[in-house]
Amino acid sequence: MLARARRRHPITFRSVHALDIFDLARVNLTSPAVLAFVLGALSVAIRSDLRLPEAVYQFLSIYLLFAVGLKGGVALSAASPGEVLGPAFAAIMLSAAIPLAAYPTVRLLGRLRIQDAASIAAHYGSVSVVTYTAAAAYLARIGEPVEAFLPALLALMEMPGIIVALVIAQWRLGTSSGLGEAVRETMTGRSVVLLGGGLIIGLLAGTDGVGPVRPLFVDLFAGVLVLFLLDLGISAAQRARDVLRGGRFLVAFGITAPLVFGTVGAFTGTLVGLSPGGATVLATLSASASYIAAPAAVRIALPEANPGLSLAAALAITFPFNLVVGIPVYHQVAQWLHRLPFLAG
Amino acid sequence: MLARARRRHPITFRSVHALDIFDLARVNLTSPAVLAFVLGALSVAIRSDLRLPEAVYQFLSIYLLFAVGLKGGVALSAASPGEVLGPAFAAIMLSAAIPLAAYPTVRLLGRLRIQDAASIAAHYGSVSVVTYTAAAAYLARIGEPVEAFLPALLALMEMPGIIVALVIAQWRLGTSSGLGEAVRETMTGRSVVLLGGGLIIGLLAGTDGVGPVRPLFVDLFAGVLVLFLLDLGISAAQRARDVLRGGRFLVAFGITAPLVFGTVGAFTGTLVGLSPGGATVLATLSASASYIAAPAAVRIALPEANPGLSLAAALAITFPFNLVVGIPVYHQVAQWLHRLPFLAG
Amino acid sequence: MLARARRRHPITFRSVHALDIFDLARVNLTSPAVLAFVLGALSVAIRSDLRLPEAVYQFLSIYLLFAVGLKGGVALSAASPGEVLGPAFAAIMLSAAIPLAAYPTVRLLGRLRIQDAASIAAHYGSVSVVTYTAAAAYLARIGEPVEAFLPALLALMEMPGIIVALVIAQWRLGTSSGLGEAVRETMTGRSVVLLGGGLIIGLLAGTDGVGPVRPLFVDLFAGVLVLFLLDLGISAAQRARDVLRGGRFLVAFGITAPLVFGTVGAFTGTLVGLSPGGATVLATLSASASYIAAPAAVRIALPEANPGLSLAAALAITFPFNLVVGIPVYHQVAQWLHRLPFLAG
Amino acid sequence: MATVPMTLLTIVAEEVLEQRLVRALHDAGIAGYTVTPARGEGARGLRHGANGANIRLETITTTEAADGLLDHLRAHYFANYAIVAWLSDVRVAREEKYQPEHR
Amino acid sequence: MATVPMTLLTIVAEEVLEQRLVRALHDAGIAGYTVTPARGEGARGLRHGANGANIRLETITTTEAADGLLDHLRAHYFANYAIVAWLSDVRVAREEKYQPEHR
Amino acid sequence: MATVPMTLLTIVAEEVLEQRLVRALHDAGIAGYTVTPARGEGARGLRHGANGANIRLETITTTEAADGLLDHLRAHYFANYAIVAWLSDVRVAREEKYQPEHR
């Protein structure tokens, strides 16, 4: 209704729009997850000794990856192949394409070493589970419906970008040795096993089979995320010094890249027929940078890369940017694109 | 109905009352939380190797503090300022006043050193999250209604008593150096950051924003408390030796202090217009002694104090006393005060 | 209805039966818990670095034992003594009898040392909490009703078999010293304290008292089990080498023993008046081998026993066998026995 | 700061032994020790998760007391338990703190 | 590989001291250290759970810097905190990595 | 108890290296080691939480084997990973337990 009303009165719409952005940013800014991230960062600023025990941090990340995979698998098990195929293909292509754009940008404009450029490309080619979840929660709160199979796209976009970035590095460095080993170690790494394993378990168990474990893996998810973000806020604030070292380029890239990739994602999503909500999620996935799976993979494959640079960009710049500014913006973009007759026809 | 009936037939009431106390103590004694505390203590007695892993203990305390803060914040966000102001002011004053009474008592009657007297005063000036929760659960089980904003009072009573006690110590020891640093370290300590941060997050997010994280932070709270109390029971039993060392005074203080402070709390609560349930909770808060936030703060500010003494009193004497005897008694006192026309008019 | 129909048309029934077994095995095979076990085992095969932090593994096992005990206690508190007495007596007798059969079998056919034979007898005399839960979940999924007090039987079957096996060892080794100490250490060990303590707490608190902690200890149980099984799958796969060392006998025993003990359990259960579902559970308990309580107890009492052998049999052979093949088979057996007029009269 | 030589005994053992090892320390008059959870691998296979974990216990004491404890370990645990132990030379500041109390 | 002698300072202390100890290391120009969570027992009783846990901090540095830190511990913490510290001799490969940075 | 000298190699490294380090130990014929989770700080910044944690691995072996492993670490990991390693002298009771198995 609202959408139709808007389409008829573009002028009214624009003012509504301006209002929306602020209102919606507020919605996102007052979510417990975002506030917990801020609390974590502040606690570093005031030199608090707050921190999750290491074993707990690892457990929470295991939980999140597995729960996301499981949800994706259940979503896939309930979706019709025809409906998923297009978006799935688009998601994989997006993930693979992002490093192709990110690598030369970082290398040429940022003048970073091959290894660092490829490392950053790998982080942005992959996705952030937490950013994805924030987008999903945001859309739920504002009442924007989304396709049920979106969690599956998240799982599909974890790996391709990492592999493409590693291949670029191998090619530019002229070393062919070790790529196979690196891909193997990445594919057998914790993140992929948990996400992929969860996906397959969800697919095989289906909605009914997963029923009894929903209280842990579905109902608690948002709460666990809050605790995880508390610790992420701490880590991000500790990375602040690295951001300064990385210089102005890193900051500029950490803000521009998600806007560009997010817009491309929203465009692609609309093109393959996703709803405005679904396109917002695909945009968010494209715009997000990994800080769980990618760092581990890159450590193995590109040890000469400085992990501080890519982690600082992904976690201390792009992640909070997406949380606070990005997601509402991608949503506006997706809505706008959706009204273009030649696109969403 | 019952209350009104009681007021009319004081004689009937007295016999009901006598019955009540036992009945209600039974209700409290058979709560899984109290029983878990006993199980923990017994497991020490039979020399079992039962114990939570250290990382888990720390995680549970992080969870409890944050969850309590969050609940308090949501409660505040929903309350009207007029309704909260009086009780909030009373709570802060109570917390600040308790060390003023506790310090000279411990110093003169107990003949303890300045540092130890101030340390004990700090512990009793602050509050016990777990005792608070037991009182809330108790009132819920017997169907006594309470004000929704009570969790906020808990958060407000965490710090003032600690600070007053530290100032007393500084004054009596004649050292002026280090108080600012001590207060700073206390305010940036884990407990305060989690409780205060949770409070602010709850306040900003409000009932709606907190909705998705309720399954973790609200629904699981009582269960997590059971596991936490299992470990507390172990620690309390291990403190038994310290109690013996502390002598008869420590035991007497650990029982008398909560009764006195609890009665004052019930009185003050009734005076500022709290319901019988609300006054019971304020009494319990006054009567309870901290064993999470206070020990950490005192370690920093008063390193010469023997942490064994205050922890033994707070955890091994006052805590179980409040759980089993105190809470039902404070409830009776609050009900009785509430019937005094000049008080609760 | 179905059962009655079957009884009348044995031929139809047989084909239904054949269908059932596969169908039901599928139900069990696609439960997230079983799939998580497989994922854990696979992750070892592909040399992933997936593994729960040690502190988390210990916490999950503490949680599971306590939750099972609690559930058992609540079940007992709600049951009428007359109803429970027969099955409880049968359960204790079964647990005590199994080592009397297992010990000579292992000693004579397997030609293992006294210590190793007694150790294996202790593991099979005790029970597996996780296998029990899988059986309960399986029956719930296929809609087979069970007695509410079954969790109590689980708790009762934990210890007797271990003690009998230790007495056998003491007798055969001719050493009388140390049995009392061994039994004491077993009874005060974590597993027994948690299971027994949980049982008593559940009994005292009753259905109402346990209400507030249900979200943690009941609703989350199935989900926690999935994470626990992920790690168990890892451990089981790492035990694969021990299985090979143990030779063909260990494999044969790990498969035959549960079938025999399971059938005896189903028979006994039917005899004492359990429903087909209840008899299936008693069969599963008899068929299952402990890998939490028994290993700890045996380490203390029979240090010369090789823990690799018994753990490999219990965890790497019998456990997955019961999960995938055993439970549906015991169910069929229990249904079949239940139709024998002279048994279930 | 003036330091005095002392002996550090480190024991890595299956965690089921923790209480007994602590009792052995107490019996030897040693009141101080530090424990960290550990996993590991050795002659008795991988140790973590369902296989049971290890603890890593260290205590600073006199050479004689440390030797005595090592004898105790050999007599009671070396043959049948996952356990290793080693001695090293350290220097500490407060000598009296590490003298076993003879009882 | 050619190794050079260096000193390892190990501190086991109540965890409330962690931030201060790290600050003391930084003040002494030491940039590297490793921390593991620990529990234990000593003159100040059992340390775990509600009693508060310990940390086990170790840093490799020069003998002089280690001695200086030990002095610092004695001046500030030995009297009133649950803490023990010891020095031991180790050999490392990259000497320059462990030289305190004088600021 | 009669003890024999042996060498303790301690490695603190980012946890992503655990499997490789264990493989290197096995390749050197060493079957025993102990791992404790750790955090820390060094030339490569703070290590815990999202920055990735460390492990602390220790193995008792012969001086030759320890030297060989140190060479291996230098060749493969010192340049690019958060890692430190040190050797120390220890005394053990069961010498044969710590001899690398040549394969």
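Which chain is which? They are A, B, C, D, E and F, in the order written, and residues in each are numbered from 1.
What we mean here is this: contacts are C-beta pairs under 8 Å (C-beta built on N, C-alpha and C of every residue); 3 or more make two chains touch, one makes a residue touch a chain.
Keep in mind that what you see is a predicted model, and the values were worked out from it rather than measured.
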Exercise for the section: Could you tell me which chains are in contact with chain B and with chain D alike? Expected result: C, E
Practice task
Enter the angle, 0 to 180° in steps of 5, of the rotation superposing CA atoms of chain D on those of chain E.
Solution key: 120
Problem - Copy pair chain A, chain B: interface residue numbering same or different (half cut) - result: different
Handout entry: Remotest chain, chain D as reference, centres from CA atoms
Key = A
Practice task
For the pairs C-D and C-F, output the one whose chains share more C-beta pairs in contact.
Solution key: C-D
Completion exercise
Chain centres computed over CA atoms; the one at greatest distance from chain E is chain C
Handout entry: CA centroid of chain B to CA centroid of chain E, Å
Key = 36
Practice task
Mind checking the centre-to-centre distance between chain C and chain E? Centres are C-alpha means, answer in whole Å.
Solution key: 48
Practice task
Report the inter-chain centroid distance for chain E and chain F in whole angstrom, where each centroid is the mean of the CA atoms.
Solution key: 20
Exercise for the section: Round to the nearest whole Å and give the separation of the Cα centres of chain A and chain C. Expected result: 42
Completion exercise
Expected list for chain E, residues touching two or more other chains, is 36-37, 39, 88-89
Completion exercise
By the touch definition above, chain A meets two or more other chains at residues 47, 49, 52-56, 58, 215, 220
Completion exercise
Pairwise, the chains that touch are A-B, A-C, A-E, A-F, B-C, B-D, B-E, C-D, C-F, D-E, D-F, E-F
Practice task
Report the residues of chain A in contact with chain E in the complex, numbered from low to high.
Solution key: 47, 49, 53-54
Handout entry: Parts of chain B lying in touch with chain C, wherever the complex brings them together
Key = 30-32, 35-36, 39, 42-43, 46-50, 52-56, 137, 140-141, 215, 219-220, 222-224, 226-227, 230
Completion exercise
chain B partner, complex, touching residues on chain C are 53-56, 58-59, 62-63, 66, 70, 188-190, 193-194, 197, 200-202, 204-206, 208-210, 212-217, 220
Problem - Residues on chain E engaged by chain D in the complex (per definition of touch) - result: 10, 12, 36-43, 54, 56, 67, 70-71, 73-74, 78, 84-89
Problem - Parts of chain A lying in touch with chain F, wherever the complex brings them together - result: 51-52, 54-55, 57-58, 231-232, 234-236, 238-239, 242, 291-292, 295-296, 299-300, 303-304, 307-308, 311, 315
